[in-house]
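Just below sit the structures, each encoded as structure tokens.
One chain, subunit A, appears in both complexes that follow, with subunit B as partner in the first and subunit C in the second.
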Partner chain A sequence: MILLKLLFKNAFRHKLRTSLTVLGITIAILAFGMLRTVVGAWYAGVEASSSTRLITRNAVSLVFFLPLSYKEKILQVPGVKEVGYSYWFGGVYISEKNFFPSFATEAKAALDLFPEFVLPESEKNAFLRDRKSAVVGRKTAKRFGWKKGDIVTLKGTIFPGNWEFVIRGIYRGAQKSTDETQFIFHWNYLNESLKKTAPYRADKVGWFLVGVKSPNVAADVAVAIDKMFKNSLAETITETEKAFQLSFISMTEAIVVVIQLVSIIVIIIIMVVMANTMAMTVRERTGEYAIMKTLGFGGWHMAGLIFGESLVIATLGSLLGIAFTFPAAKAFGDSLSQFFPVFVVSERTIYKDMAAGFIVAVVAAVFPIWRAIKLKVADGLRSIG
Partner chain B sequence: MPGGPIVEIRNLKKSYRRGSQIVPVLENITFDIAKGEFIALMGPSGSGKSTLLNLIAGIDRVDSGGIWVGGVDVTSLSETDLASWRAVNVGFIFQFYNLIPVLTAFENVELPLLLTGLSKKERRDHAEMALQVVNLSDRMDHYPSELSGGQQQRVAIARAVVTDPTILVADEPTGDLDRVSAADVLDLMGRLNIELGKTIIMVTHDPRAAEKARIIKHLEKGVLNDSS
Partner chain C sequence: MAIPVFYSFRNLWTRKLTTVLTAAGMALVVFVFASVMMLAEGLRKTLIETGSYDNVVVIRKASQSEMQSGVDRTQASIVEAEPEIAIGDAGKPFLSKELVVIINLPKRGSDKPSNITIRGIGEFSLALRPQVKLMEGRMPRSGSSEIIAGESVAKRFRGAGIGEKIRFAMRDWSVVGIFDAGKTGYSSEIWGDVDQLMQAFRRPAYSSVLFKLRDSSEFQKIKERIEGDPRLTLEAKRETKYYEDQSEMMAKFLRILGISLTIIFSLGAMIGAMITMYAAVANRTAEIGTLRALGFQRRNILAAFLIESMLLGLSGGLIGLLFASFMQFITISTVNWQTFSELAFSFTLTSEIVIISLIFSLVMGFVGGVLPAVRASRMNIVEALRAT
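This part shows the complex of A and B:
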């Protein structure tokens, strides 16, 4: 108990220095947590992906279409439960800065295959009945103040023109990782228009969304689908939703790597600052450690006291950093929801924060502990006077 | 009354390296200290008296020769064994008291008892008794900064005796005290020697302090050349 008291008292003996070090660790852990959350947000689509959903797209590139007729063929593949299809619409609301993901999709299949989009039954039915209707995630609805029944006009970037929709439902995500910014409307609505304005683009889809009976058959189904369309005019690549999402992220992998590197550098910097604090602390207390050694306390006692002190400071800074990460992430996520639809501080990030704090405490204590253990009692006593 | 030797020193040599030079500090020291003795080591600055005290107390290493305390060859012990040995056998009194400033007087006295197998209650009893011996029972919850120099030194003495060590070593115990406080501390050390039979080895510059000892030894340039 006395040693514990000594440890805590030592940690706060130089209040200004300890406060500044704690503040430094708080900021570092906050920055580390935010950067890790950004990385997590990058991978949110991967996290939210289902193991029973496959994506079938054109083998050349996602920008090339697939014929709608493939749907019936895919449905024949053993293990397939349901097939839907979508187009990336790329519409903007009023101006380019008002970006959110918008899809023309086969409405019923989309709602069946994405149970994580939670929509009241009445809104679901209203959406399915009206071909000009749309369903929107609650974050986007909140962002633009949209309510059910509102008429919204999107400007097409891939499909030129002004497209008018009636908001029939506002979905919420079943999980924290569910994207609540999407805008979904009927593929038929788009297709009917294309038949008149750009017939060569009609009856085509961007990708098929394939629901399989169980994750175990996913690989076989993917192989079977691609084999079916081999040597056709539009060969396919079928992959799990996760792999599909990862292929998007791989395009921006360099940015993710840089963010990860910066987050590690932040921790290394605070590690050096903390190590300096601990080194100064131990140097100042050389005499006291010598006295304790004189009384019979050994190297392990010194190590415990110094590491404990380092741990107290690092833990305090880490806990404050973690506590501030939540409101900071919320503010950041709210202001940049168009870029990061899911910006949530995950449990994994908290564990990484704690691990970073612990590593800082360990590394900062190593050199001072070594010095204290190596300290010759007579030399230490001479430093007193 | 003093008994057989509790400290035996034979052919002790010690030198320090200063840059490229080796400076001899103690030359061929041989003497015994009887159990229950109160001995003062005197000599000018740099004569090696503190070094000799440190060697006897096992906080410094000899170059050659032997030191036996209570029959244990201190020079043969490893650092870890030496630390354990000090905890049981040596009580230290320093010139500048060397109390831990963030612990109360009671906690400072209890500190060495943490290394013993005593229960919490036993530790409390021992520490209270030690503070009673130095007449500071009413100051046990005070921090060192709230005590006078003399009181701090008495707390340091309580810390030194609380484990009932084989020997007490004191390095200039009155060097930082005014005359009245110094006299109190010396009286207390005298009582510890006479009433409790503690063996005390004291380094001092002060002839008045040395007078309290039964034996005075002089060190000059590392040589023990006189005894009285």
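This part shows the complex of A and C:
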């Protein structure tokens, strides 16, 4: 206890300098935590994916379609429980700035395959009964102030024209990591209208969602589906939802790497600032250390004192930084929900924050400790700081 | 009389460790600041060079990009007949009807698939883009399964080198040429005969029509005519504007990233500078008292410490810029979310960025040093002289 008191007294001998250092560490840990959360948000889709869902898409690339007739064939593959299908609609609400993902989907299968989209039974039925209706995530509904029964018009970017929808339900995510920004409506609505305006695009889907009976058969099912359509006009690639999401992320890998790099740089910067503080502290106390050495305290005693002081400052800063991360993440996530539908500070980020704080404390103390240990008593006594 | 700058310089020199640490912190901040600006500049440069001002892109209304667009043959012919289009070789309109699709191809080495843009080209496609040059081999013959690949595609994707074959759309396509498109977006594309590609991909419609204006000032006229024609559901954009719109989201992302990083990082570095300068003032109390006693004014002291702090900032800035300039060798390739295709751009250093970064580092030094300098200048002479 006495030791801790001594460390605190030492640390706050220069109130201003220590407060500034603590503030610096707080900012750095806050920034580090936020950047890590951004990386986490990048992978949110992967975290949320289920191992019993497969995605079958055109082998050429996502912009090519698959014929609807594949649905019945896929259903015949042993191990397949349910098949749904979707189109990326890419609708624009008023202005392109108001981005949110919009899908045309086979409603019943979609609701069955995505149990994490929680929808009251009454809203579910209302949605299924009305072909012109749509279901929207809580976050998007809140963003535009949509309520049940509202009529929303989206401008199609891939499917030309203005499309009108009636909001019949607002879903919540079952988990924190569930995307609450999606806009889902009936594939039939889109298809009926395509039959009239662009017949060659009708009866096609962007991808099939395949629900399998258990995760163990997923790999076999995927191979079986792809084999079935080999050498046809539209060959397929079937992968787990996780692999599908990962393939998106691997395309923007460069950005993730940059953010990770930057999060390390911020820690290095604060390490330098902290090391500077400790170096100054030790230089000022050279005389004291010499006296302590004369009294018989060993070099390791001093090492303990310096390291302890460094640790006290770093811990204070880290704790403050972690505490501020939560409100900051909330504000950031709310204002940027179009880029990051899911923005939550994970437990892992907190541990990494703590580890970073500890490393800063250790590195900052190394050089001053080495100086204090090497100190010759006579030189130390002579020094005037 | 002012205190010589040399005094400030020598002060920094005496406390080497502290100076180096503080300057290193600032150098890192300037490095990040300059890098992000260089990245944004690189993106801008890529986009500007990709489009030319006199060219007009015609795509389907509200479709945002060529990839989402569709222009059927009848509509394309109507556009072709517009009088504002420049005349090319043999009296044909200087126009090309193109197809743009995206496919997945595995990269060399890692085998990881990435998206790549395939462009079906016509007779004038190359001539309409003076920034694209054939480096090796020859142009694909029309009516054959031949393609040419952009330099960065040839290097990074499997089977895309000259003389090699790529399989897509149920055909083998032989690469007969490599084109160099500088830093433009085209260097991440593969080009082939438009009619062959439309057949292979079973697409009944073109994606876009690109033409050069007879007279640059006639843009408004033809834009109004195309967009007002009831037979057409198209919109016309200048090529430069078209590419700018496409990477709006990426540019916005870089801007937000840059601003937030700079603010956070510079706060850290300024705190570092402040700590150093406060210590410098505290250590030199007696010295300051002596200077005052010798007759130097308060403002001289203030200036001396501010200069010291700004020198610190400047040296950090110079080191940071030195390292940032090495970033120019790095090219970033990522997927543009809006078009879903590969976009490669490199860090670009301009004299403007150099100047802004140096000013930024001076400002950091100034802000970090101002409070300590004020404290130094307001010291009481007698008390300061008495301090040990």
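Quick notes on this one:
Following the convention adopted for this analysis, the second predicted complex is superposed on the first by the 383 of 385 C-alpha atoms of A that agree within 3 Å, B and C clash if a C-alpha of one lies under 4 Å from a C-alpha of the other, contacts with A are read in each partner's own complex, and residues count from 1 in each chain.
The definition used in the following text is that a residue touches a chain if its C-beta (ideal position, glycine included) is under 8 Å from a C-beta of that chain, and two chains touch if they have at least 3 such contacts.
Quantities reported herein were computed from a predicted structural model and do not represent experimental measurements.
When the two structures are aligned on the shared chain, A:E288 is found in touch with subunit B, with no touch to subunit C. When the shared chain is aligned, subunit B comes close enough to touch A:V377, but subunit C does not. In the superposition on chain A, no contact is made by A:A174 with either subunit B or subunit C. When both complexes are overlaid on chain A, the residue A:T157 reaches subunit C alone and has no touch with subunit B. In the superposed model, A:G296 makes contact with subunit B only, not with subunit C. Between subunit B and subunit C, C touches the greater number of residues of subunit A.
Of the two partner chains placed by superposition, A:I264 touches none, neither subunit B nor subunit C. In the superposition on chain A, A:A28 contacts subunit C only, with no contact to subunit B. Touch criterion met: A:S61 reaches subunit C, while subunit B stays clear of it. Of the two partner chains, subunit B is the only one touched by A:L3; subunit C is not. Where the contact sets of subunit A with subunit B and with subunit C meet, they give residues 384-385. Contacts from subunit B toward subunit A in the complex involve residues 51, 54, 57, 59-60, 79-80, 83-88, 92, 94-96, 98, 100, 102-103, 107, 110-112, 114-115, 159. By the touch rule above, subunit C contacts subunit A in their complex via residues 17-18, 21-22, 24-25, 28-29, 31-32, 60-64, 67-68, 101-104, 112-115, 168-170, 201-202, 204, 233, 248, 253, 256-257, 261, 264-265, 267-269, 271-272, 274-276, 278-279, 283, 332-335, 337, 340, 342, 388. Those residues of subunit A whose C-beta lies close enough to touch subunit B in the complex are 2-3, 5-6, 9-10, 13, 287-288, 291-299, 376-378, 381, 384-385. Residues of subunit A that touch subunit C in their complex: 16-17, 20-21, 23-24, 27-28, 30-31, 59-64, 90, 92, 96, 155-158, 160, 200, 233, 247, 250-255, 258-259, 262, 265-266, 268-270, 272-273, 275-277, 279-280, 284, 336, 339, 367, 384-385.
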